[in-house]
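The letters A, B and C name the chains in turn, as written, and every chain counts its residues from 1.
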Amino acid sequence: MVFIGLAMLAVLLLIVVFGPSIAPYSPSKTSPNSLDGPSMMHWLGTDSIGRDLLSRLIVGGRGTLLITFVAVALALAAGLVLGLTSGYMGGKVDLIVMRLLDVIFAFPVFLLAIAVVAALGPTLRNLILTIAIVYTPAMARVVRGPVLSVKRWDHVEAARSVGVGEFAIAIRHVLPMVISPILVQTSLILANTIFTVTALSFLGLGPPPPDPNWGSMLAEARQFMELAPLTVIGPAVAIIFASLTFIVLANGLRELLDVGSR
Amino acid sequence: MTTPLLQVRDLSVVFPPRRGRPPVKAVDRVSFDIEPGHTVGLVGESGSGKTTTGRAILQLQPITGGSVSLLGRELTGMSRSEVRAMRRHMQFVLQNPYSSLHPRMKVADILAEPLKVHRSVAKAEIPDRVAELMRLVNMDPAVVKRYPHEFSGGQRQRIVIARALAVNPDFVVCDEPVSALDVRTQAQIVELLHDLQSKLKLSYLFIAHDLAIVRAVAHRVAVMYGGRIVELGDADDVYENPVHPYTKNLLEAVPIPDPVRQRAKLASAAPDPNFRGRDAETGPCVFGEDHAHTGTPEWHEVGPGHGVSCRFWPPGVSPIRS
Amino acid sequence: MLEVRDLVAEFTREGEILRVVKSIGFDIAPGEAVGFVGESGSGKSVTARAVMRLAPEGSSIRWGGRILFKGQDLLALSEREMTDVRGHRIAMVFQDPMASLNPVMTVGQQIDDMLMRHMGMTRAQARKRTVELLGLVGIRDPEHRADDYPHQFSGGMRQRVLIAIAVSCQPDLLIADEPTTALDVTVQAQILRLLMRLRRELGMALMLITHDFGVIAGMVERVYVMNNGEIVESGEIDALFAAPKHPYTQALLAAVPRIETKRSA
């Protein structure tokens, strides 16, 4: 399982890192062959203004995936800090932090995205930040859960009795034991975030043109669904593939790390 | 007369009420001393408060009242960093050798951690000290590169003991240190603890439910019931001349690994004493003293260094005056 | 009554075959009390489960050999036939009562069900017998306590309930696997006395498995000492304790702590 997931992840990473270099054409290069089906020149055909679909998928994937990875990485960082602190310290700190996060949690993603974009402008940076903020509460929860349980384990109390400071205990004795469940959950959240990113771009809240991304490609292609189905199927399959990668990875990791048992 | 290493006075721990349950007096005015180089055994059944007492003394459990004084210094009022500094004098050996070692740390790092925390040894000398600790517990120093799961239960417990000894503590609380081990391993670990005590002049608070094992290590024994110490004295006195009915009940219940005697014991009718029967705290106690009136603690000396509580005596039972 | 020959138990883990019981044989006569003693991993628990043909939770075990109970080979029976034997002819009491009792049924219901299934009683008859049984095992106010759920009982009481369930259908053989290990020592003494009394009154045979030499000393007439899946020594209990022959038995007995032994200086 893990290996399948890793192989799929490798494909995605390839796109992210080498995107423009492996695309056969420049994604913005137009040509008179609009809405063509697959051919020797264009493996997946072309879009409405003759741009090569495969290239747009590859470069668009780079954009979409980068946004996803960066946003989730930010959410993970914030979630780790908040979840670990909140879970480990408990009491009032836990209460306050969780309530504050609940406020964010209560906001529908799109409303928040629209609000931010309206207020600060539709830039790439804003999109990433919005997604990061929206997913931070979920991440914090994912961290906090295992922390609440691990902090009661014997080796933690043993460390305390030895005289290890609370901060060191949290980092050295608690954190390493919660990494496994966090990794699995992060993978699942990545699967989810792909959809959020593409949905937001679909609605036009994503990075502005001409940078391609799967969401906006889907939006553009809607009108041409019957004429050139690949223009819709292409991005759709790409989105599903990416999401599936993380789900497969999550399942593989779960088996591998034997999450839930010590 | 040496100053006791550890002095516990009127230690109390009350668990707050939760979800419809009333507050629980887990530890109720417990007092005892431990002399340097001596072991006090703390025995009792589940719910007696013995584990909570041990953790409270180590300041791992918040205390509701009373005092704990180690090496003449009062622990209960100390700030967190002061307590942490004092931890180099008091260490903890927990019950479960399978969970008290960090599963992802090598043994070498586990043993080095206390040394680094308390800066008791120069960094360059840590590996030597780690090797020394392993030899102290009769283990081969070469195996420190391994992880805890590569060792048996008995070996893991030795590692736990080695960690406890790392910073040369004066006092170690052992909470059921051998209950999770097989009988032969138990005997080995008990012997190890015994040897280490004479070698290093350690004091132990040995908490256990197995009275036979406690006898092997304890100089003095405290019997706990319902959060209180009901009897306290030299091991020989408590085991051979118990005064409190609960102590007698407890000793009587211990199975004897001798078929003839054990059969006879089981054949005799077991009383089902009601230790909470005489719960009223008013009026004279079984020794004839009205404590509510005189304001004295509910404790009576029945022999030199041998005392008993007048609480938890079943109705109708009174001490036989010798 | 019970003749076990060449009993083998193996299970596979990660492709490896582990043989936890290596061809052992033993007998239990009707009404006799026999003990199995050894350290963890000796195979004694698996041996007990073999007689009930119960695999330890979560694993699949393969049994080999013959377990002749009143002439019938239990290992050759179908699973359906075996369920008739279990609970009725042979009953078992485990270490952890909470794990063996159904938490969402009252204890009365659990005993009623046993009686109705194996003894063909009606619910009314079963309830009457259930109350009698609860009283027999020393539960006070059995009529009302029968309507309580397992979590409303203390550890010792739960073990009594488990024993009541076990003896409800008057089995010929009661297997007790570490029945008192999780209990306080005073409660342990009560449960041991209860088992002795029931054995006498109901004429059951007893197969007692424990690691505790004090527990086994008073309860059985003969004992088998197990180590690493094999029986290393067996014999009449007084003789075995007085003069153990096998070095392993000697080592075990020497390691048992004695309450009279004072602290060495």
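By definition in this document, a residue touches a chain if its C-beta (ideal position, glycine included) is under 8 Å from a C-beta of that chain, and two chains touch if they have at least 3 such contacts.
Only a predicted model underlies this, so the values are computations on that prediction, with no experimental measurement involved.
Chemist: Give me the ID of the chain with the smallest distance between its Cα centroid and the all-protein Cα centroid.
Modeler: Taking the mean of C-alpha atoms per chain, the most central one is B.
Chemist: Specify the chain most distant from chain C by Cα centroid.
Modeler: Using the mean of the C-alpha atoms as each chain's centre, the farthest one from chain C is A.
Chemist: Calculate how many whole Å lie between the centre of chain A and the centre of chain B, each centre taken as the average of the chain's C-alpha atoms.
Modeler: Using C-alpha averages as centres, the distance is 52 Å.
Chemist: State, to the nearest whole Å, the distance from the C-alpha centre of chain A to the C-alpha centre of chain C.
Modeler: The mean C-alpha positions of chain A and chain C differ by 55 Å.
Chemist: Distance from the CA centroid of chain B to that of chain C, rounded to the nearest Å?
Modeler: Chain centres of chain B and chain C, defined by C-alpha means, are spaced 33 Å apart.
Chemist: By residue number and range, which residues of chain A touch two or more other chains?
Modeler: Not one residue in chain A touches at least two other chains.
Chemist: Using the touch rule from the top, collect the residues of chain B that touch chain A in their complex.
Modeler: It comes out as residues 58, 60, 80, 84-85, 87-88, 91-92, 94, 96, 99-104, 113-114, 117-118, 160, 163, 166-167.
Chemist: Touching residues of chain A toward chain B in the complex: what are they?
Modeler: Answer in residue numbers: 153-155, 157-166, 168, 172-173, 176-177, 262.
Chemist: Could you please specify the touching residues of chain B with respect to chain C in the complex?
Modeler: My answer: residues 45-46, 182-184, 186-187, 190, 194, 209-213, 215-219, 235-236, 239, 249-263, 265-267, 270, 272.
Chemist: Spell out the residues on chain C that touch chain B in their complex, using ranges where they run on.
Modeler: Residues in contact with chain B: 39-40, 155, 184-190, 192-193, 196, 211-215, 217-219, 237-238, 241, 251-264.
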